[in-house]
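Next come two complexes built around subunit A: one with subunit B, the other with subunit C.
So, the complex of A and B:
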């Protein structure tokens, strides 16, 4: 199995503010806040080639620190990190040939250049032939809705437009491994949706493309990622597919139905696999709201059949599953925000 | 090699865009002419003060000496500040440093490329200053055709030394916050005093002369003046050496400074990466 990214017991400690003779003596509280900070604490991960891997955690969990180490911006304190088989400490250059990185919520860019020039310039650092680069830029600008601003100076772009420009910068160089640090942070709903869809298609539509995505948007990670690692205080708490993570805390499945008012509900409890059942009638609308607690999804067909056999129509059927937020809360004991 | 050339070319293009693209082309040309001419007037004022203090009868050799020195000092101020500022501006203002740094280039060559545009702009400024001096201020310049190759070689070496010093400052600026841009102004100030820019080494105390002789820019300014203002009566303390010897001093010190610049840059880069300072923003 070849891994795009592999870390072994990776630790990063940021040293605190050094005591200097000219600084006043800190109070005990200050002393604590000035001390060393362990951003990553023995992180071991394997991300397979072709995987869209999510790193989910609250602010300060260590997500960005991990990405900075993998992107060769920062050295680890101890442990090992391999990207595309190369050690980030000893061998950064071959890594840089195969990666790129985009940080969300950033307004970086050379203000005097146009959006197009900015992206083109970065593509030149990666040796993308100018003609190829320009064609790719035009295509991506259409996809990301930045075409109208292609010749606008970067300083004239809004925050969201700059962010889109940076996304294009990340893709235009054709990396094998892309690090996306909160890529949809601060974007409007539509722009975020476009980016999510593009990233998913980019990974799944081509062989050997890998994305490491950090996010604190649960739904985004759930929707996009093949596997997710939950990180808090520099430690990986769990790593699995979104479904398996949710399964870890799931003991039963909940279905909610809205149907025409039905009179006979006694038969439902006799169905195999139905652990619990409740119903509430809404007389004004002539509807019944039914909630089934099931061991698994097996009895759903029988329930529907029982309802329709009474001549009632099913208006909605909704399965309620544990969310990643529930998983996170169950592991960390608090929400992301 | 192609990676280095590609990096240099792209960085030089970026530098040129940033140096020239801030206004309309005609205004940029006008600015490029007026700025060095205005600088020349400051020199005239300085000379008038010197004459008033020391030699009421005037000293054309001394004026040419300080005029040529100050003209070529444009390179020093511009290139040093330019190279130092590459890291600071990419990090603090444009916040692009992390993306440039993680691209498969030599960041060292990137800095050199960015500095290249500073050199291009400075060449124009130096030429304008010299032409203005000859035409309107009575500066006595003469460059023999046979001396042109030597002049070009010494200028190339002088610029190389400047780049090397600039890279050293770049390595240091990896580790410093943006308010330390004073360093990029203070270092040229030291060169202004100790390298015989405005006044010859002979007016410095012995220790000052020793400092001056340890800096390759002193030899660059000396050989440039020898070639441009032949027959000057100003005592530079280097009169005992012929031009090829001065050039040799310049070559040796240039090579030394380049080696030192790579070393300091690498050390600065390593510690910045270790401390997480490559892309820090200080926001002072």
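So, the complex of A and C:
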């Protein structure tokens, strides 16, 4: 089996801010945040060639740190990372030839250049001959629906158009492995759909192409990825196909409730049979949306009585099939938001 | 067995890759910068005003000296002219010196353009690249990092040449400066050697500025006006050497900027080594060219090491290449 990406016991610790004599003495809380941070803690992963692999995790889980190590931008503190069979620490050149990275909300490029010129410029850093590069840019601009904006200066592009330009920048160099760090962040439905479809076709339509995708959108990861790893606090909690991940919690029961806004949610976790719980407030409607992962249906009555005892009204109660979000909540103990 | 594309790694490929990278990175500077018509006002017209101030002062001194020679009694230096021939000789010397001073200012003005470009654009460029999110994309690309800096330098040189040429043209047509070029090939060498050294210095600064962050702006401000003075941008630097006491110390300090020695050599080649009585030059042109080549090599090597150090630091600490960190 040939792996596009392989990490073995990969750990990355950020040393934190150094104390300087001229800096104010930190408060105890600040003291804690100044200390070393373990962003990755013994991560071992294998991503097969030709796979569209997802990495799900809350903010600060270590997703971007992992991508930066794989993109040769960061050194691991310990462990090993291989990309296309090459060690990121010892042999970055052949890796850099084969990879590219696109992040959501990226503002790269120069505002005075046109979209086409910007992408061409980045392709030159990979040695793509100008003629080849320009032909690829034109083709990709048609596919991404950016052809009309090819000669518009980058500073005149909307967020969605700019992100499409960034995506083209990622593909134009002909990478074998593409790192996509929340590529559809903040995009409208259509722009996100175009990007998702192209990425899936790109991986599945040709041999040897691999994508590592991080996303905040569970449905996106569910739809796109062959396998998904759930990461939290620098550790991989689970790694499997979306279907298998959902099967893992099928023995559990998921209930979703819409109730009047409630203040005290701490008591729910203490209830017997409640494995995990998340809640989201909709202040404009004065409602709370509660999701419970239960061992069985036993605790439902107790949950309802706990809600009504706070004077809140239950507007809806729904038992649902497990989604990727349920898997996430079950493992991480909270939602992504 | 991997089905991923095989990639070339041979020398020819690497040379091609880095040449493309140089062209690619110089493109935004050359093409992009000229898309804003305001550059003509800011880059060509405004600098001329600064030069004009020095030119008028030197012209005023020249007119005063001429008036004294043509006065009653006609003064040749500190004595009354003994003959018409001596009077004419003094008049010719005053005219030649005035032209040489104004030409020095015009040449200085062209070099100022490059120095400002190195200081405010080249040196601070990596910092800006980091802020707009380009730097980590550059660091992730397979090109040599020196190709990135090389592209910035080539772009900066070409773009600034337009301002430098407009200063030169204005010097000739507006201020009536006369240049005498006896050795064009040597002149070309003397023009490009300080430019390469100057941009090598800028490439080195680029890494250091990225390391120092915002504090670097103060350094740029510190190195602007004082270096105009200590490097002899608007007067022959040899004049500073002849001021007793602090003069030589300031001139030696200023000479570490390649533009100082470069200007001295350029002035000798375009005004003749006998201008200013041949007494205001630092070294002869050949020696100055050797020093400049040495500086160019030294600064390029230092730039290479500074950038390698910075990249290692960035990968170790994870701060330097990401925005707002």
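By definition in this document, the second predicted complex is superposed on the first by the 268 of 337 C-alpha atoms of A that agree within 3 Å, B and C clash if a C-alpha of one lies under 4 Å from a C-alpha of the other, contacts with A are read in each partner's own complex, and residues count from 1 in each chain.
FYI, a residue touches a chain if its C-beta (ideal position, glycine included) is under 8 Å from a C-beta of that chain, and two chains touch if they have at least 3 such contacts.
Worth saying up front: this structure is predicted, and the values here are computed from it rather than measured.
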Fit-or-clash call for subunit B and subunit C when the two complexes are aligned on subunit A: clash
Which of subunit B and subunit C A:2 touches, first, second, both or neither: second
Partner chain(s) touched by A:49 [first = subunit B, second = subunit C, both, neither]: second
First, second, both or neither for A:207, with subunit B first and subunit C second: second
A:37 touches, of subunit B and subunit C: first, second, both or neither? neither
Which of subunit B and subunit C A:85 touches, first, second, both or neither: second
Most subunit A residues touched (candidates subunit B, subunit C): C
First (subunit B), second (subunit C), both or neither touched by A:317: neither
Contact residues common to both interfaces of subunit A (with subunit B and with subunit C): 14-15, 68, 71-75, 93, 96-97, 99-101, 106-110, 112-113, 117, 121-122, 124-127
Sites on subunit A touched by subunit C in the complex: 2, 4, 12, 14-15, 49-50, 65, 68, 71-75, 84-85, 93-94, 96-101, 106-110, 112-113, 117, 120-130, 153, 174, 176-177, 207-209
Subunit B residues within the subunit A interface of the complex: 2-3, 6-7, 9-10, 13-14, 17-18, 21-22, 94-96, 98-105, 273-276, 278-279
Contacting residues of subunit C [partner subunit A, same complex]: 1-5, 7, 9, 13, 16-17, 20-21, 23-25, 27-28, 31-33, 35-36, 132-134, 136-143, 148, 314-318, 321
Parts of subunit A lying in touch with subunit B, wherever the complex brings them together: 14-15, 68, 71-75, 93, 96-97, 99-101, 103, 106-113, 117, 121-122, 124-127, 169, 173
